[in-house]
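Next come two complexes built around chain A: one with chain B, the other with chain C.
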Partner chain A sequence: MSFDCSDYKQYKRLHLSGEVDLHNSPDVRRCLLDILNRKKSVIVDFSDLTYIDSSGMATLVEGLNIANKMNLTLTIVGAKDAPLQVLQLTRLNQVFHIVESLEDIEE
Partner chain B sequence: MSDSQALIKVNNLSSAYGERKVLFDIDLEVKQGEILVVMGGSGSGKSTLLRNMLGLMMPSQGEILFNGKDICKVNQAELAKLRQSMGVAFQGGALLSSLSVGDNIKLPLRQHTDLDEKTISIMARLKLELMNLAEYEDLMPSELSGGMLKRAGLARAVIMDPKILFFDEPSAGLDPVTSVELDQLILDLREAMNMTIIVVTHELESAFKIADRIAVLFDGKLVTIGSVEHIKACSDERVVNLINRKPRINPLDADKYLSRLTKGS
Partner chain C sequence: MSHPPLLCKQWASCPSELSDIRKNIADVCQPLGFPQTDIDQIVLAIDEACTNIMRYAYKGCREGVIKIDVTQDSQQIIFKLHDYAKQVPKDCIKKKPSALCEPGGLGVMLMRQVMDSVEFIHTKDCKGNILEMRKNRVKGNR
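Coming up: the complex of A and B.
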C-alpha cells in the first residue's frame, strides 16, 4: 500500500493505492487526522485502491465524524470493485458522500 | 485446481482420539474466495476435520497446508501468527461471559494489534451493525438469545477480516428467518472481502444455498466432494440417504451384538 497527499482545488486529496489493512491503516489515520486538524476538507481517492479492510473503513468513519463536527467535508472518489462492495456491505455507501471521478467534485 | 490457487490443502489426513481413529486419509483443498460446506451425520468426523484444519488438534498422519505452509510443522509462534488470518465461529458463540458483547468482539484487536481504541470501537460497531446487533453492544452474553450469541460469535470471528472463516453449524437452533439472513451474510462476506469460508452444517437447504462445493463425510472418510449439482446427482447410497434424510441402517452382526450385550457375564 502507498498513499500520497496533494492539493486539488480547495481540498486535500488523499490518494490510496493497493491494499489498506490492519498493518497500514494507522498510517492512513495519522495522515487523515493531520489534514483535518489543518481544517482542510478532504477527498479520499479510491481509484487505485484494490482492497480496504474494516480498520481502513473505521479510519474513514472517524475522519468523517471529525469533518462533520468541523463543518468540513470528506468525499470518497473512484470507489469500485472490492472497496465499493465493502462500502455497500457495511451500508457506509449511504453515509459517505461518494462520487465517481474528480470531475464530479464541486468547487 | 492448482496448488497456487489453494488457500488450504489437506493431504492424506488421518486423525485419532487416542486409539480411536476418526478420520481416514482425507484429501481436499479449498481455493481463495471459495465456500466449502462440510456435511455428514453426527460422528462423521466433521468437527474433528475442522479442529485439525485450525491446528487445534494434530493429525496422526498427513499434512495441512495453509498458504503453502504445513501448520503441523510450524512452531507455536508461527501457528499463532497463521491463526490471525483465520476466524472461527463456534456453535454456541463461545463468548467470554465476564465481558460485554462489545468487549468480546474487540478482544482479538486489543490482543493482536496496536490499533487506536477509537478505530477498534468503530470496527466493532461496524461488525455489530453487519450482524444486526447494534443495540446489544453493552449487554452481557447471558442476556442474548441463542441466535444473537451465534451472530455475536460471528462478529468476533470476522473482526480482524480473516482470510479464512471456519463456521461450525451456523444455522443450528436458529429460526428460519435468522438462518436465511445468516446464509446471506456468509455470501456477502465472501463477495465483499473475498473471504474463504468453510462451513460445517447439517442443514441441507443452507448448504445448497451457500456452497461452491460440498464435501460429504461418512464414518471419518470423505465420500465425495463437488458442486451442489454433483452432490444432488451422486448415486452413492450414503450421500443419497443424507440428502433424503434417511436414517443410517448399520447391518447387524448378531454374534458381536450378543457379545456386546453380555460382555463380562
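Coming up: the complex of A and C.
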C-alpha cells in the first residue's frame, strides 16, 4: 500500500494505492487526521485502491465524523471492484459522499 | 464421500501476515468455480475474522498463532480459524451499532453478510477459539 497527499482545487486529495488493512490503516489514519487538523476538506481517491477492509473503513468513518464536526467535507472518489463492494456491504455508501471521478468534484 | 483438505496452514498473529492470508484464501477459492465477486467477499470475510483474532483474542500480541483449515463437502466450503488465546465469551462478539457512522462492529457485520453461516465454537478439550464459517457452493461448481 502507498498513499500520497496533494492539492486538488480547494481540497486535499489523499490518493490510496494497493491494499489497506490492519497493517497499514494506522498510517492512513495519521495522514487523514493531519489533513483535517489543518482544516482542509479531503478527497479520498480510491481509483488505484484494490482492497480495503473494515479497519480502513473505520478510519474513514472516524475522518468523516471529525470532518462533519469541523464543517469540512470528506468525499470518496473512484471506488470500484472490491472496495466498492465493501462500501455497499457495510451500507456506508449511504453515509459517505461518493463520486465517480475527480471531474465530478464541485468547486 | 470425504474430501481432502483444501488448505491447512498457520500464520503469526501479525497484521503484516494479512496480505499472505488473503492470497492463500483467494488461491483456494479460485479453482472452485466461485464468481470473482464471491471470491473477493470470501477473502474479505477471512481477513475480517483474522483481524478480529489479532485485535481481540491476542490483543495485539504478534506472537500468537492463527491456524486456518479449509475443507469442503458437496454443499459447502468450510473455513475453520483456530486461535490459541484465552476463550472469548460468545456474547462479547460486537454487533454493528444501529447508526452506520458509529465505530466498531463492521468486521462481524461483513462476515455475517458474506458467509452463509458464522459460528464460534468452544470445546472443553480445545484451547483457544474456533471460528467456523461456511459458504454454500454455487450450483454446477466442482
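Rule of thumb we're sticking to: the second predicted complex is superposed on the first by the 107 of 107 C-alpha atoms of A that agree within 3 Å, B and C clash if a C-alpha of one lies under 4 Å from a C-alpha of the other, contacts with A are read in each partner's own complex, and residues count from 1 in each chain.
By our rule, a contact is a pair of C-beta atoms (placed from the backbone, for glycine too) under 8 Å apart; a residue touches a chain by one contact, two chains touch by 3 or more.
If you're wondering where the values come from, they're calculated on a predicted model, not measured in any experiment.
Visitor: Under the superposition described at the top, does placing chain B and chain C together on chain A give a clash or a fit?
Guide: clash
Visitor: Answer with first, second, both or neither: which of chain B and chain C does A:Q85 touch in the superposed model?
Guide: both
Visitor: Looking at A:R29, would you say it contacts chain B, chain C, both, or neither? Reply first, second, both or neither.
Guide: In the superposition, A:R29 touches chain B alone.
Visitor: Return first, second, both or neither, reflecting whether A:L64 touches chain B, chain C, both chains, or no partner chain.
Guide: Second partner only, chain C.
Visitor: After superposing on chain A, which stretch of chain B overlaps chain C: 76-84, 238-246 or 256-264?
Guide: After superposing on chain A, the clashing stretch of chain B is 76-84.
Visitor: Which residues would you name on chain A as touching chain B in one complex and chain C in the other?
Guide: Shared contact residues on chain A: 21-22, 53-55, 57-58, 61-62, 82, 85-86, 89-92.
Visitor: Quick check: in the complex, which residue numbers of chain B touch chain A?
Guide: It comes out as residues 113-116, 118-120, 122-123, 126-127, 129-130, 159-161, 188-189, 191-194.
Visitor: For the complex, which residues does chain A have touching chain B?
Guide: These residues of chain A touch chain B: 21-22, 25-26, 29, 53-55, 57-59, 61-62, 82, 85-86, 88-92.
Visitor: Would you tell me which residues of chain A are touching chain C in their complex?
Guide: The contact residues of chain A facing chain C are 19, 21-23, 51, 53-55, 57-58, 61-62, 64-65, 81-82, 85-86, 89-92, 94-95.
Visitor: Mind pulling up the chain C residues that touch chain A in the complex?
Guide: Contacts found on chain C: 15-16, 18-19, 22, 37, 40-41, 44, 47-48, 51, 54-55, 100-101, 103-104, 106-107, 109-110, 113-114.
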